[in-house]
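Same chain, two partners: subunit A is paired with subunit B first, then with subunit C.
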Partner chain A sequence: MAGAAGPGAGPAAAGGDGDDSLYPIAVLIDELRNEDVQPPLESLATVEETVVRDKAVESLRQISQEHTPIALEAHFVPLVKRLASGDWFTSRTSACGLFSVCYPRASNAVKAEIRQHFRSLCSDDTPMVRRAAASKLGEFAKVLELASVKSEIVPLFTNLASDEQDSVRLLAVEACVSIAQLLSQDDLEALVMPTLRQAAEDKSWRVRYMVADKFSELQKAVGPKITLNDLIPAFQNLLKDCEAEVRAAAAHKVKELCENLPIEGRETTIMNQILPYIKELVSDTNQHVKSALASVIMGLSTILGKENTIEHLLPLFLAQLKDECPEVRLNIISNLDCVNEVIGIRQLSQSLLPAIVELAEDAKWRVRLAIIEYMPLLASQLGVEFFDEKLNSLCMAWLVDHVYAIREAATNNLMKLVQKFGTEWAQNTIVPKVLVMANDPNYLHRMTTLFCINALSETCGQEITTKQMLPIVLKMAGDQVANVRFNVAKSLQKIGPILDTNALQGEVKPVLQKLGQDEDMDVKYFAQEAISVVAQRLRKLDFPVKDSEVPRAPGAEKNHFLRPRVPGEDTGKGPTYRLHVNTRDTLVQLEIAELVHFSQSRD
Partner chain B sequence: METKLPPASTPTSPSSPGLSPVPPPDKVDGFSRRSLRRARPRRSHSSSQFRYQSNQQELTPLPLLKDVPASELHELLSRKLAQCGVMFDFLDCVADLKGKEVKRAALNELVECVGSTRGVLIEPVYPDIIRMISVNIFRTLPPSENPEFDPEEDEPNLEPSWPHLQLVYEFFLRFLESPDFQPSVAKRYVDQKFVLMLLELFDSEDPREREYLKTILHRVYGKFLGLRAYIRKQCNHIFLRFIYELEHFNGVAELLEILGSIINGFALPLKTEHKQFLVRVLIPLHSVKSLSVFHAQLAYCVVQFLEKDATLTEHVIRGLLKYWPKTCTQKEVMFLGEMEEILDVIEPSQFVKIQEPLFKQVARCVSSPHFQVAERALYFWNNEYILSLIEDNCHTVLPAVFGTLYQVSKEHWNQTIVSLIYNVLKTFMEMNGKLFDELTASYKLEKQQEQQKAQERQELWQGLEELRLRRLQGAQGARETPLQRLTPQVATSGGQS
Partner chain C sequence: MAGAGGGGCPAGGNDFQWCFSQVKGAIDEDVAEADIISTVEFNYSGDLLATGDKGGRVVIFQREQENKSRPHSRGEYNVYSTFQSHEPEFDYLKSLEIEEKINKIRWLPQQNAAHFLLSTNDKTIKLWKISERDKRAEGYNLKDEDGRLRDPFRITALRVPILKPMDLMVEASPRRIFANAHTYHINSISVNSDHETYLSADDLRINLWHLEITDRSFNIVDIKPANMEELTEVITAAEFHPHQCNVFVYSSSKGTIRLCDMRSSALCDRHSKFFEEPEDPSSRSFFSEIISSISDVKFSHSGRYMMTRDYLSVKVWDLNMESRPVETHQVHEYLRSKLCSLYENDCIFDKFECCWNGSDSAIMTGSYNNFFRMFDRNTRRDVTLEASRENSKPRASLKPRKVCTGGKRKKDEISVDSLDFNKKILHTAWHPVENIIAVAATNNLYIFQDKIN
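Moving on to the complex of A and B:
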């Protein structure tokens, strides 16, 4: 046992293993919720492993609520005191989390003792305990009487905020938020602000980062007056900090800070005191900083209004749209809707375009995927003409992307575009291009045609589907690649509801029946499934169909094993025999998983 | 920095935003596409040093130290030290080249002077020296470029100001090592706070810096007796934080190396404080993910302890067994290596106490499907001392490992392992033929019993299956009760198993 040699061996007996395997026990004991479990929890609160200790403390906190005030003082407070004066740092760190739950219901004499214990832990010898105390300082302050907060908590806060270790100092910043909420403006100015000012200029970037990260909370806690006098200058410094981490954290808060400024005079404050610094960040040397800024900067336009946006923000947006880092451009484009509300997207169109084109061809498929998702919005903002001229070709190019996820997104995108621009537009611009791909030598592209038809048929309506799409689908039933053939069967099943009975009976059914006799097992399977769906529809339409003609496809062959056929991520230029190869494409796997599940559920 | 943005006076013409570096986007391809494809540019290294630079004064070269008469030497030395306290921006490699060169030359001269000239280190220069060193080396380390920095895989982030920093460290080292150095004077300036900041620097990603720090801290520990306990305590804090809070500290190996030599010098009997350090810090350090980076130093420290006080052996071995890696084979090999180092120095009286749990673990390692683990465990039998220990205690050790070895020798996929096990079994046979035969016999008997049990179990299941079938038939056909006839049969076969 680890604790045997140390002086801490006494209470550690039950939990001396110092092992996270004890974690479940701590959880279990928590569920028992009984005074009897206090002793084992006390032991668990002294082990080294942090997760165990934290859980034990959490459980003890819950137990404390169940005690009557008398029992609390009789049983619980002594436990906290024992922990607080433990030899090994672990018990003292645990104690830090327990003061605030027993304080409110304790008698005055005990309260004084508790405060005394907390005070001594705040100046503990080991930084681990000081960190624990600092992280609980805010919580403890909230349950104290205001007089004690001023006379005791504030000095502790000041001390911790100037600790020799930056890991302690940064936790004091967190406590600052809670403490500031408790004090009046005058007290704040006198008691807290000197320390906070010092923290914002701490020599350790971690502390400054913390200030930047907690800026909105601090702003709310100290109120508008101090914000204007103190926080704004501090924020300016953080925005031009020498560490990129700090600048990025501050940049993230720009919008929230501006939003929370008092409405009166907000515009002036932003224009004079914040904007000049933002302008510099746009050309920062660090991409994370620029990217953080780009994710919030568009939000300023609603705060500043149309004229200021056009005059001051637009140049910044444009500059960021041309940034060399794709993330920055993407963040701008992702938030276009904010600007759109204020000035309309047209203002940006000239610069948007190159940015979009470049992102559309980015080497990372996630970037391409993200930009595809903004296409419908862009299309509706920019209008048909502009779209046809500049963006249409991009949308078509995505259909033959070598990543399946992009091809899939491009297909959905087409559907959304048709919903926006109407069927006539679809018939003239989209459908012909999609149908041409049916003759592509690459089977993946041929399949994309089918996927597009699946997506578009409903929006395009019966006429276009029957006259233009159906012939192509039917023709593809003779494709030499099995994957295409069974996708034909799936497509026919999908577009069936849109077709009229003549087409179904006269054209679709014969083809499906032929596919139902296919030599490939999977083609057969999907064809039979489609036949049953089509037959059902025909029956609904009151068309006479003999039951014997309709084999109950999926469940019929009991031992049918569905071999997953996957449209792979390879470009499909290889010979067809490679097609049965599994790929790592998650989306495809998902699809397979669904299919397999589906077939099993029918069994 | 001056922004490159235009004065916001062209609001309505986004087509001509006037940003000089980018060509007007009148064409879709009006920009270089290559810029996008290239790998993410390395972030410029940041160093928090430069921040505290206030007014940058021009540095002018001072006369050489060797050129002035002895009476003016110390005055010049002070001025040089002050000059070396001026900091430069190394992120901008062309900024203030002249100043950098002046400082470099001055530092070089100081290094030279403190190392070779006697009588330079008089009391008044100590504060100047420590101030110069503090200004240069103490800084908040910049954030790591790579938040998941892996010391084994990734390139470390090198300190940009190294050209000066190295000279400062060199100077510091020579200062400490100078025959004129007086700890009694220096201890006024090299205090606890100083040491704490020095320890924080061990987190530097730059291995060159850590190397200097290691030597320097070692000297400080040697020369400042009053700081020893404090240094040990702060090291403890660093380690504990590393184990339980952060799992990130770059200088663990270096600190352990220093501690290794410190442990070496511990007086006997060991103080409780030191034993506690072993049990509560060094042993849990084995559980850290990045163990491989500092394992050699850690194992050295552990073995040092055991050489000092053999009674700690049981604690250590049981501790290691507790933290024995369950899934990481790489760590498992390291543990085995450390265990062999420990066994090399173990006293037979201690060996007896832990032999059984230890060799059960060794047997588990031998049966590991990872051949490196199995191989490393089997190498124990190449060690003559361990072999002699096994021989002396073969009545305990052999039964603990025999079953596993015998089974693995039949089943392991790797031929090398199989032949190694054969050798081990052969040594067992030679060691104690009678015991070996007994173990073989009992092993075979055990196997037979197991097989029999398995067979009985299978028969039982078969019986149950038949029962089910008959019941089904019975339900369909006549209302017989085949159940009753079968039940006793099932009960007996169940009783046997």
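Moving on to the complex of A and C:
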């Protein structure tokens, strides 16, 4: 096996530099998983690139599992000790991640040593090491005996939680979750809660942010009693924190917090102790806070039930639907399904509609894009009648938006709507409107018709495609704008599989042949591509062959993007560069074109 | 006074004298623009000294080990590594040339055998690793000895590369490039005491970076008014507190300093302290605002004080007193009558820097005519010294200089009118523990130290 090369190459490379380039080696050694790779990993665990160190530590952790307890003490623990007392912080930070894997299987004497090393790293001079120790404190606590947790880990935790560096204190909050899980309620109250209370009121917003961010985990770790007595008041403070980042983090947790409260008395707690603060947040000055709240607030309705929702939450939803910030409105709309289950969407529809219309016409195209994404959801919640009456015109209007991304999204949206409402609805409501656009004076809108047909044909099925769509597509083959014409070729290729042989043979093929002789080289190119695909299909229908034997169209999978043009620009300027391609496949191709033009600009 | 005392009398009293040690750089009179030194910085141990120049180069000097065979030669600084940190660029979107000039260099605390520093020009900050290499791997599988890739199909056997000793080589490699975060010109960078973040300040904004993350930075101060016509002041310098990770200060062109606490909020647009000295109405003139603009701000090593340099003076502030500085030292008061001509030749906009000695008991800053000034904070004595090649004999003592301010010119005095304003000392650095100073005079770097008795 390649194991022989690993240990040899490892130290050589680790001694050099260019640490990013060491990363693959760290990964490689990781895959070898051999006892012999310990020395190179040890030196990789001391380099200054964090990714490399982390990977080396990860590998060492895995190796430790393969050791017998005796080998662990003989080979692995000394390595950890060397790293822990290394000159540079890089080795000491790496050591922090290794204590917890060797501790459980070590003898008592060695255990004491390991604890001693960990203690000294927790009060290391450099903040990097203290951060590493703080981030591994919880993990280490989990493998310690309960007595040691109380006598040693808790004091370390208390110290780290009052470190002078904000970046260390905030990591202690994470450790708090793990430590809290290990202790009894009484011990928790005495040993951990003072520190946690202090963290929730820390002078630094980053620490308070961390408390807010980890709130659900903390809540689960400390249990229901302390949650009600301590965490709820702390949460109230976080919801009205002076720093918006903290309020936003807390707002994100509102739903989870409420869900995890003990069922008994939950409603009262939420109504009396949480809801008043939420009401304040709805009119917060910071839009991130409002939008964080909007992303979860709808979830409260299932917890609070129909009556409370109508009486207390609905006014908040309605206020947020009118919020000046589009993200808030979008977040409410995107979560409509939660409310629908509880009170039905009709309660909201009065306010919903203006909000949707406003978003649909927002000046920022990203906002318009976002609301389009929610249209299928809205359609299924509101039902076909409401949709036809109020929203259909919006969906149609997006098709002629001046931003391509919106027109594209609108096209896909139509497809999803048809999947929801069925082909009959499509035939009556959507298809006629789409087809009318084929006569639009703007060539971009005419192309949209083609894009819609591409998207809809499969869902609509053969009959609609053949009877209603195909004639329009064929007619557009005579369009004066080349972009439209080559999109006709592409559309024909796309809808080809849905059509029957007669239509293909009798209607599609002649048109493609004509396009194949177009004066524009792009039209020619795409027509030829379509011809070869259609020809294959015709051949397959006549003489079925296995798919694998089907000759592939030249360059059919090449990704050609549209060349932006303006109408009338497509005069027959000859290509500056021509490439002769031997067309070897189908008869049809040979009939039509010997040449394929590639423009240089494509490359 | 806390932290004062010790460190001798750097201002040239009885304890010791400054003497010449070394001078670096070309001797000839006509100076290439690219060779002009634009920043000087000792690392945390003082063993390395970095300079940046207008040509985008960084030169690092290393202090030689004390030599037993030559007992009187004290560790001299010799070139350790030279590399091109920044290249001239062109911003095509804004049609702006981006100079390669190194505006600031800041060392990172040492974390392993290699050394790291941040260097910045107007727009882009780079993290450099300076490392030594005395071994070379030979016998790679995929490439020849001269580095060319081998045809993978012709490799039939795997071999283990071996390490061969070679002459010591110092390599500088760019580890991170922090770009595209500043619309205006970067004037300061400062590493936080948490050793994982640093700030960069331009004329209107201050950004906070993580040393390992290059694609994201947080804006922590933004003084850009909605309407640029309402712009009244710009940020001139910014620095982190040496010990308190949450505190930084920034100075403005109006002569004020704001201290911000990053704990209180994510955006530090509102300061927690505002240091401003009330203006003396009697000395008010057309130039008042220009000369009160702060060109540099530096925390003392103890973290208790900060020092600011404006055009004519250097001030020491106690962080606990916002109303006025605890010390004001005049650097070249005799120029007050010359402001008009200094305005005309643009010298009035020169940005002088300032620095503390290792024990915070003395401060140093530059002036014109290759003069630089030192102030002893305990004895209140000050001295003017000159960086010049004339008395650049090894261990020659520096003679104090005096500028004659009107009346009869005494012997050894220099008249204000004969000062050479093209010779200015903008950048100086003081060794973090010893009495060794580095003084950048145009394209020359002078190193002085105290005389051994």
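Rule of thumb we're sticking to: the second predicted complex is superposed on the first by the 391 of 603 C-alpha atoms of A that agree within 3 Å, B and C clash if a C-alpha of one lies under 4 Å from a C-alpha of the other, contacts with A are read in each partner's own complex, and residues count from 1 in each chain.
Please note the rule applied: a contact is a pair of C-beta atoms (placed from the backbone, for glycine too) under 8 Å apart; a residue touches a chain by one contact, two chains touch by 3 or more.
The structure displayed is predicted, hence computed values, not measured ones.
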item: Contacts of A:Ala397 with subunit B and subunit C, given as first, second, both or neither; value: neither
item: First, second, both or neither for A:Val47, with subunit B first and subunit C second; value: second
item: Which superposed partner A:Trp205 touches (first subunit B, second subunit C, both, neither); value: both
item: Which of subunit B and subunit C A:Glu280 touches, first, second, both or neither; value: first
item: Touched partner set for A:Glu243, first subunit B, second subunit C, both or neither; value: both
item: First (subunit B), second (subunit C), both or neither touched by A:Pro354; value: first
item: Partner chain in contact with A:Glu311 - subunit B first, subunit C second, else both or neither; value: first
item: Intersection of the subunit A residues that touch subunit B with those that touch subunit C; value: 2, 4-5, 17-18, 48, 50, 88-89, 126-128, 131, 164, 166-167, 203-206, 242-245
item: In the complex with subunit A, residue positions of subunit B that touch it; value: 1, 3-6, 8, 10-12, 14-15, 17, 19, 22, 25, 28-31, 33, 35-37, 40, 43-44, 46, 48, 50-52, 140, 142-143, 193, 196, 233, 237, 240-241, 243-245, 272, 275-276, 278-280, 283-284, 312, 315, 318-319, 322
item: Interface residues, subunit A side, partner subunit C - complex; value: 2, 4-5, 8-9, 12-13, 15-18, 46-48, 50, 88-90, 126-128, 131, 164-167, 202-206, 242-245
item: Residues of subunit C touching subunit A in the complex; value: 109, 111-114, 116, 129, 131, 133, 135, 137, 158, 160-163, 171, 173, 193-196, 212, 243-246, 262-266
item: Contacting residues of subunit A [partner subunit B, same complex]; value: 1-7, 17-19, 48-50, 88-89, 125-128, 131, 164, 166-167, 203-206, 242-245, 279-280, 282-283, 285-287, 310-312, 314-316, 318-319, 322, 324, 326, 347-351, 353-354, 357-358, 361-363, 390
